[in-house]
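In the part that follows, the structures are each spelled out as structure tokens.
Two complexes come next, and they have one chain in common, chain A, joined by chain B in the first and chain C in the second.
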Partner chain A sequence: MSPDETANELVLAFADDELCVGQNHSWWIAVGPFLEEDLAFTSIAQDELGHARALYSLLSDDLDHIAYGRPHQEYRSSHIAELLCHDWTSALVRHVLHDLAEEVRWAAMLDSTWVELATIATRAAAEEQFHVQHGLTLLRRLLSTPEGQLRLSSTLIDLAPKGREYFAGSDSGLVTSGILNTSLADQERTWMKRIDDLLAEFELNVDWSGEPPSQGRYGTRSRDFSTLHDEMVAVLQIDPLANW
Partner chain B sequence: MRNWRNIGEFEDFLDDGGIVEPNDDIPDPYRKAVFRFIEMHANSEYMGGLTERDWIPKAPGLHRKMTALAKSQDEIGHAHLLYMVAADLGIKTREEMVTDLLEGRTHFHNVFHYRVHSWTDQIAVAYLVDAAALASQQAVFKNCSYGPYKRILRRVIVEEGFHMRNGEEMMLLMARGTDVQHQMMQESINRWWLPSIQLFGPDSKPDDELLRWHIKSERNEDLRDRYVQKFVPQLLAGGFTIPDQDLRQDNENGKWKISDIDWQPLMDTMRNIGPDSSRRISDAKRAWYDAEWVRTALDDATKAQA
Partner chain C sequence: MVAKAAIDAVRAAVASVADPEYPDLNIQQLGILEDVVADRSSIRVDLVPTIMGCPALDVIEQDVVAAAQASGHDVTVRFCMSPPWTPDRITDDARKILAREYSVAIRPRNGVTSCPLCGSTALQPRSDVGPTACRSVEWCPNCRNPVEVVRSREMGQK
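Let's turn to the complex of A and B:
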């Protein structure tokens, strides 16, 4: 736990994003387009849950309580992380948007004055290279075909602006105190440029003009969150005091 | 390339502990038998991943969820390796094997035709089913005459050993747990005991070619009996009962004797009409064909690059 409440809130939001995406990726075991993809999604899901666990450990000793035991309004996840993505097209697009965002977010913490956070960021950033490489390689190959363009373009253009929520929330004082080396606004700009550059390779454009979403960061949950959370706690709730 | 003048000479080679490799001039009957065996193993690993999938999102707590994910990743990884070993035999491609499985033309192990109804069912799969599968695989590994399969089994067995120990740890937790947990675990044992026993199959035939060709090294009934002798005491020690009214212990040698097995449920699974066969196969089939465009597009992208 940091004495800086804003720093704690930032870490909580990041952890909740990772928890939701890890949970969502785990849906894809054994039902991906081919076995190598089943393996990749399962492996990435484990990494994301590992990131969530590491980040939660900065805030609490009771990891399962902080991960699963809070009232819905106390979660800080972005709505794009909560999105169920039960079609593989949106699962792939969210994976790319999420991991490109993660890359930027971890980079901003690598030399954090919150030493434990910097340590976690260093390990996670190394893992992210593989996630990003996996997502981008697959997305680029698919977008290079007419069928892939047809299937993926609209999902990309639709979901990308929602990804701005990864950078929503307060970072007041965090750059000054050295918790972050880059403000959330600057991180967001870096991420948007990466998306723009990627899409430009395929002559696609994202309309960034709308109001960036931020409700998730302030306690409003998306419709999908209940489904996600109900599954997370389905067994724990049978006997909350038992050791499972 | 090694070759043999006739099947007798080939069998002498196998009896002397010879190991067959894919570039040998493999006699057709052996090639087909070993292919069918590995294909069924691969199918079962794949369907095993699907069987456990239902409860991974519900796994209680971060640690259990990550462990469950790692286990399923292992199962899918085994399927992946085994399909490649089977494909190298030149009878079917991996795509053909998956398609045959999803169209109901080939088979997978009986245990994966059942539904996982609860978290403790998931534990029973890890503890009872994986242990039965591990015992069978160890028996194949011990004396396996097909080189690539033996090498893959070395890794599969190590990983399945972790799964079984993970299942054992969770079973013991339920044994010492609350009344609700103990009751849930008992219900799961009631559901999974017989399918696990049946996993070994009916007694081996006297002229079983898989034994003769050293693909298998032990008779089904011997493996089954060893499993019973190990698991009955473990379950009883956990305060559980075994769902077999005629189960008894021999006064003289202390060995456990189970009642005669009704093989009809096993036969049903071999015809893909087990309790959860149609849902299992149709879920996998829908996912596979929904994603056909991905496979086609990636093939197109590869061709365009070439």
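Let's turn to the complex of A and C:
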């Protein structure tokens, strides 16, 4: 792949992650554990879909097609982004893992030589600080209680290694050409350190020793994807000309 | 070359497009209208979304195109990521309407927010996100009213 193609793939993977997580978060609209959380999650879902839209717009003028119309194997989302989190524990944990990763990913693009990407990254990173603040505040408060620890620790330890897929894929030539200021491997290290530091506050440890997942980046969809995708395109399938 | 008169006509027409969320206010008052410019042989309206994922963008775009058409001009709409929208872009007259009609306060950049109803500066945060992502919910201990605060989502702002 040329650096241009690699950059396009990187942006596509990021956009697909944002689309899947935005759609997944929206599952909690009106059924969040309490009203403020319901509102916050809904807003974060909206932001993630906005980020997906901005990234897709770098790749295509036909946003509906690129977001919804591709064959499943052409999506590049990580499996953790596709994961249906229909219990609040995994929804909150994925929110924190995802947004900490997002913060690192945008930071690597802030001064990109791909100027439009840098502009989007600057705007998105500003929104992201609120997501991270929200997720960490809630997670820390819950982990400070025995029941919170009981409910959250095993999910955190289980899902954290799956989050490494956020940094999977090729970045060949992208640091040299200035598209990224930090390699995916270095971004991943920064993210893992943040998770380790966070969990250390609560005397928890993640076992990072397994093989990091990367299948999603190469076209293999997780079991949850088709359910998620069916939900995304439900209206479109009833009425292909539907408009808001 | 697009005549300056045409640009001015479009600017006047689209400035009065109502905001979908605050129909008493228009997109110029809220600082969403960035500029109207000549783009080769056509006219382009640049808009600044309050947040990237604002679901009202399509509605605003349609309304802007329709308003320009009513003034006899076809336009394209571009949503700009830069400059970022901030509450500082809201005009003074719009602030008064937001305070009076909607109990909405504007958080100044790096400044203190005052209650739109009684002026107290002792507002207490209640929910980081309100009915939309660009508004948080606070509580005024002085006049005992809930207050919505339009806030900046720039880097480093609270």
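Things to note:
In this text, the second predicted complex is superposed on the first by the 235 of 244 C-alpha atoms of A that agree within 3 Å, B and C clash if a C-alpha of one lies under 4 Å from a C-alpha of the other, contacts with A are read in each partner's own complex, and residues count from 1 in each chain.
The rule is simple: a residue touches a chain if its C-beta (ideal position, glycine included) is under 8 Å from a C-beta of that chain, and two chains touch if they have at least 3 such contacts.
Every value quoted in this text rests on a predicted model; they were computed, and no experiment measured them.
In the superposition on chain A, contact of A:53 is made with both chain B and chain C. Of the two partner chains, chain B and chain C are each touched by A:39. Within the superposed three-chain model, A:185 lies out of touch with both chain B and chain C [touch as defined at top]. Of the two partner chains placed by the overlay, only chain C lies in contact with A:125; chain B stays clear of it. Legend: residue contacts after superposition of the two complexes on their common chain; A:134 is shown touching chain C, with no touch to chain B. Across the two superposed structures, the residue set of chain A contacted by chain B and also by chain C is 22, 35-36, 39, 42-43, 46, 49-50, 53, 243-244.
By the touch rule above, chain A contacts chain C in their complex via residues 22, 35-36, 39-40, 42-44, 46-51, 53-54, 119-120, 122-127, 129-130, 133-134, 243-244. Considering their complex, residues 51-55, 58-59, 81-82, 84, 126-133, 137, 153-156 of chain C touch chain A.
Here chain B touches chain A in the complex through residues 46, 49-50, 52-53, 55-62, 64-66, 69-70, 72-73, 76-77, 79-80, 83, 119, 173, 177-178, 180-181, 184, 283-284, 287, 290-298, 300-301, 304, going by the rule given at the top.
Against chain B, the residues of chain A that register as touching in their complex are 22-23, 26-27, 29-39, 42-43, 45-46, 49-50, 52-53, 63-64, 67-68, 87-88, 141-142, 144-145, 147-148, 151, 231-232, 234-236, 238-239, 241-244.
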